[in-house]
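Shared between the two complexes below is chain A, which has chain B as its partner in the first and chain C in the second.
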Partner chain A sequence: MAEPRAIHRRLNVRLWLGGSWIGLLFFCAIFAGALAPHDRLAQDLMLQTLPPAWIDGAEPGYYLGTDSLGRDILARILYATRPALIVAIVASSAACAFGSLLGLMAGFFGGWTDRVISRLVDIWMAFPPVLLSILLVAVMGPGLSSVIIAIAVIDWTRFCRVVRAEAMQQRRMDYVDSAKAMGYGTGRIMAREVLPNVLPAILVLFSLEMGIAVIVEAILSFVNLSISTDDPTWGSMIAEGRSIVHQAWWVLVFPLLCLFLTVLAFSQFGEGLKERFDPVMR
Partner chain B sequence: MRLSAVLIRLASLIVTFFGVAVVVFVLVRVAPGDPIAMMIGPGASAQDIADLRALYGLDKSIPVQFVIWLGHVVRGDFGTSISLRESVTEVVFGRLPATLELAFLALAIAVALGGANAILAALWRGTATEAGVDLFNGVTLSIPDFLWGLIFILLFGVAIPIFDISGRVSPTLELPFVTPFFLIESLVRLRGDLFLDLLGHMIMPAMALALPLAAVVSQILKTSLKEAMHQDYALIARTKGFSETYVLWREALRNAVTPSLTVIGVQFTFLLGGTVIVERLFSYEGLGNLAIDAVINRDLPLIQGIVLLFAVLFVGINLTVDLCTVALNPRLRHG
Partner chain C sequence: MSAPFLEIDRLSVRLRRGGAGRLLRQVSIAVAPGEVHGLVGESGAGKSMIGRAIFGILPRAVEVIEGAVRLGGTDLFALSDRRRRRLVGVTASLIPQDPLTALNPSKRIEVQMTDRLTKILGLTGAAARARALGLLEEVHIQDPARVFRSYPHELSGGMRQRVLIASAFAAEPRLIVADEPTTALDVTVQKQILKLIAEMQRRHGTALLFVTHNLGVVAKICQRVSVLYAGKIVEQTDVATLFAAPAHAYTRALMAATPRYDRPDESLAPVRPEVIEALAREIAASDADWREARLARGEGRA
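This part shows the complex of A and B:
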């Protein structure tokens, strides 16, 4: 059978390419100190907006050029993987835990529990998410922890809606009735029987959510609400690059490229997972 | 829909609005930073500060403030902007048209692009064309509007500078407009020069907003078109000798549009939410850009007004789509 094998090969490409870039990010984040050719914070006004190494006027050792304060772009990009990955992991985990729990309850119990939780989701969905995240961070004060809380508070609905729908399907399955007949408690049935069947959907969403979290962090640093402006994030680098794009395009291009590839990697990884878990979908 | 169903739907809308109002009020009230401290000069006396507090109603207890505020909101009065010292209602409705023009231009681009994609892919299904459309959709879908905006700035603002990357209209132009709907009014006045200038400013943010939506439209429409092309009526039309293109345009498309419509409605609210950051990116003078300024300036009444207006738009779009779906599909009318 030629066809299934072809499909199988395509899945692996998505998973592998996405996974490799994510792996590379983790490597850079852990070893940023050893990899960075310069101090990420060192300013040198003699070295303002140097172009990357392959363009005339470049300074040796500054491979991707410098920004308007003479800071090395490569070093800043490498260090910026840290806040990006921290937000991706912590914010997605929090959104996932809270949203999945509520979704599981709504889907499994139905009735009033479902009505109250669904109404809450409706209210949440009536807010423009970017505006709400900016508002939340402004309320809590800028900083990485505010960014993480804001993302979790907004994006739990994604998990809640999907898990609720899945749990509603699972609830009608025979195995749930059997488990009830065997005298298992509700908590045990939800955690040990229903949850494992909903888990593939949660994992796919989790990968997609990590990409979203990275973007939201970039947006919040773009409007200067994430960590302090000295410490690099891709979003704050992009904001600086946007303001001097006509003078020094490279200040915008390189962090943008990293953000682009990272978002693409998480979404492709998620799509790859989806196809892997559910071959019928293909 | 029966009358009772309509009433239930409206009642649930009111609950949603009330919830939104509570969340907005609570969020804005717990915000640190004293808005009064930001608007007074260093020489203000304690009496001046107390007077200002009373003027903005900040001297009363929080539940009382909420009730007073809600009473004004219901009558369309959102208070006075602290940073601009103008009526929030006037400021917000002055900016809303710019955002609406941008959002609907983006919607038009998304429907045209996604629709064309889907029709091509459905006509040449199983060929390289369909694979190409799928790839295009996959990429456009996974890249959010913020990134598309930045990519367009680099491509068409810097590398090949053919479009303006800042503002709504060139500041040197003299504007004869009497309404805030510049794009529409430039058309009505037959001012081609102004229309093109406005469009030159709007096209990149609109494309950035449109691309992810175009991918969704294309995917849904393609799936329903392919399904429709296998139905009995399509088969009968084919055996009557009509061409594949004719069957698709005259038979399948009509039946495939309804499912896409529902999805477009939901996705359009996402697009509208995206205008906040995309307007910021292009310094476009719309509601979203204003919202970010309001947050930075801690302008509580303005923030409340904008967020509530967005919520009204979101819920209104969903309701419109629901009603349209029912109107288009007679089977749902007695559900």
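This part shows the complex of A and C:
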């Protein structure tokens, strides 16, 4: 009896730690205005590159220090959760919807449909994803919606492949034949019989994809192709911090830490979900 | 005897890209209401293929090349896809081979049973629930309310097969096809399930096509029987005649290969190569006749 309980506890740690960090991010994004101690855009050249509060020379009230233009890093990190989460949610949803639909069709119908969709995925995945996203944003012009579209366009293949494999497996189950024998049409069988059984896999992947979307957004910001206004994103903060990392490491490190923890949280949350669902479904 | 409800009339199927060979060779079977027809044969003989052809769920790679399947006199292949699905859905149901995969793992039993009642009988809400619960009682499930709330993975194999049997009889179909319904179960449970199917069939007066590889089962519950080899019916007769005086050498060989409780010391005889060779010759000859007849009618590839 001891062992299963131990396993159960470990699952919950992943799920809960990942979930807490994600919850914290949402909280920060919603209440960024109230939480931020300073204006995220206010520059003050008298307060350039102040160190974080626990290091000598810090100014009271600037807990994580300031950047080269004297802007408060904590405020900028808090506000940057907004574009990060919007990109994570919207881009992942779009990639998920499109990829899952095609994957479901490929896996369920097989044959011809499957060959066309699978070859499309193969071709798509042969492009280097980062270069493709940079190209897409460069063509569409920078901005939040371009970033979202770029991520969705690149990452739908991930959903397509996994959902296809799952749907193929489900299609062979007798319950699908039973539903056909009962006279249900293909659309109903796909949506009401097969989809619920593929959903756990989609959920897990969705969580992983949110982490990936955050990284891609940061990469695009890093190469200056993200949201073009002054509004901070973690990627652009990292890019700014890079040039003065020898004088003021904190400008680079704090947003980097946030990015790292966020991606880790999404992936662990996804793994937690997967293990949570697995014993029930298999 | 009343007019047959299910009539399979000289049905042949083949692989779409499989050359000239057929998987079913002009199979004809008729089952009347209240009758149990056994379909026996070894693995790969095409037993399940016949059941699948009735429901229009043949594997994608297989096509029907000739023959008819009639339910209550209506030729299924002459109907549009939509009307065929409707007719089959309402008048026939399938007890599948593997109870472990035949229930949708993500839905409660309640939903799966009431879905069928809603679709076929138009019952909703409390009426559908009440009828489904009654059916679970009818298949001797002790605690129907608990099973109703369960997901399939929470039930044992025998329990799931009971649920599937209840489901199959739920909408009072005229025909039930049971595709080796006991094969995936424990030996101890097999007997109960078999009894249950026979009991339900008698009570509801359903025509039952019972697919099995077990001659003992045939002896217990069937009235008529077809022996299938390589997609060809080599013998079709009533059960008493089959066991008293099997006409075909293959049937006799199958019987000699069946263990018997009443003669535990008797050793089992394998099916001898001569029997198989004779069968192969018989099938080759009938294939040649069939091909010639088709060519004479000016149809099909040679």
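Please note the rule applied: the second predicted complex is superposed on the first by the 277 of 282 C-alpha atoms of A that agree within 3 Å, B and C clash if a C-alpha of one lies under 4 Å from a C-alpha of the other, contacts with A are read in each partner's own complex, and residues count from 1 in each chain.
Keep in mind that, in the parts below, a residue touches a chain if its C-beta (ideal position, glycine included) is under 8 Å from a C-beta of that chain, and two chains touch if they have at least 3 such contacts.
Just so it is clear, the structure is predicted and the values come from calculations on it, not from any experiment.
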Clash-or-fit label for the pair chain B, chain C on chain A: fit
Partner chain in contact with A:F127 - chain B first, chain C second, else both or neither: first
Partner chain in contact with A:D230 - chain B first, chain C second, else both or neither: neither
Greater residue coverage of chain A in the superposed arrangement, chain B or chain C: B
Which of chain B and chain C A:G110 touches, first, second, both or neither: second
First, second, both or neither for A:D174, with chain B first and chain C second: second
First (chain B), second (chain C), both or neither touched by A:G141: first
First (chain B), second (chain C), both or neither touched by A:L199: second
Partner chain in contact with A:Y184 - chain B first, chain C second, else both or neither: second
C-alpha centroid angle, chain C to chain B via chain A, nearest 10°: 90
Three-chain overlay, closest Cα atoms of chain B and chain C, distance in Å: 19
Set of chain A residues, in rising order, touched by both chain B and chain C: none
Touch list for chain A against partner chain B, complex: 119-120, 122-123, 125-132, 134-136, 138-139, 141, 211-212, 215, 218-219, 222-223, 238, 242, 245-246, 249, 252-253, 256, 259-260, 263-264, 267-268, 271
Chain C-facing residues of chain A, complex: 110-111, 173-175, 177-185, 193, 196-197, 199, 280-281
Chain A contact footprint on chain C (complex, rising order): 52, 55-57, 60, 82, 85-86, 88-90, 92-94, 96-98, 101-107, 116, 119-120, 151, 153
Complex contact set, residues of chain B against chain A: 12, 15-17, 19-20, 23, 27-28, 30-32, 138-139, 141-144, 146-147, 150-151, 153-154, 157-159, 165, 269, 272-274, 276-277, 280-281, 288, 291-292, 295-296, 298, 303, 306-307, 310-311, 314-315
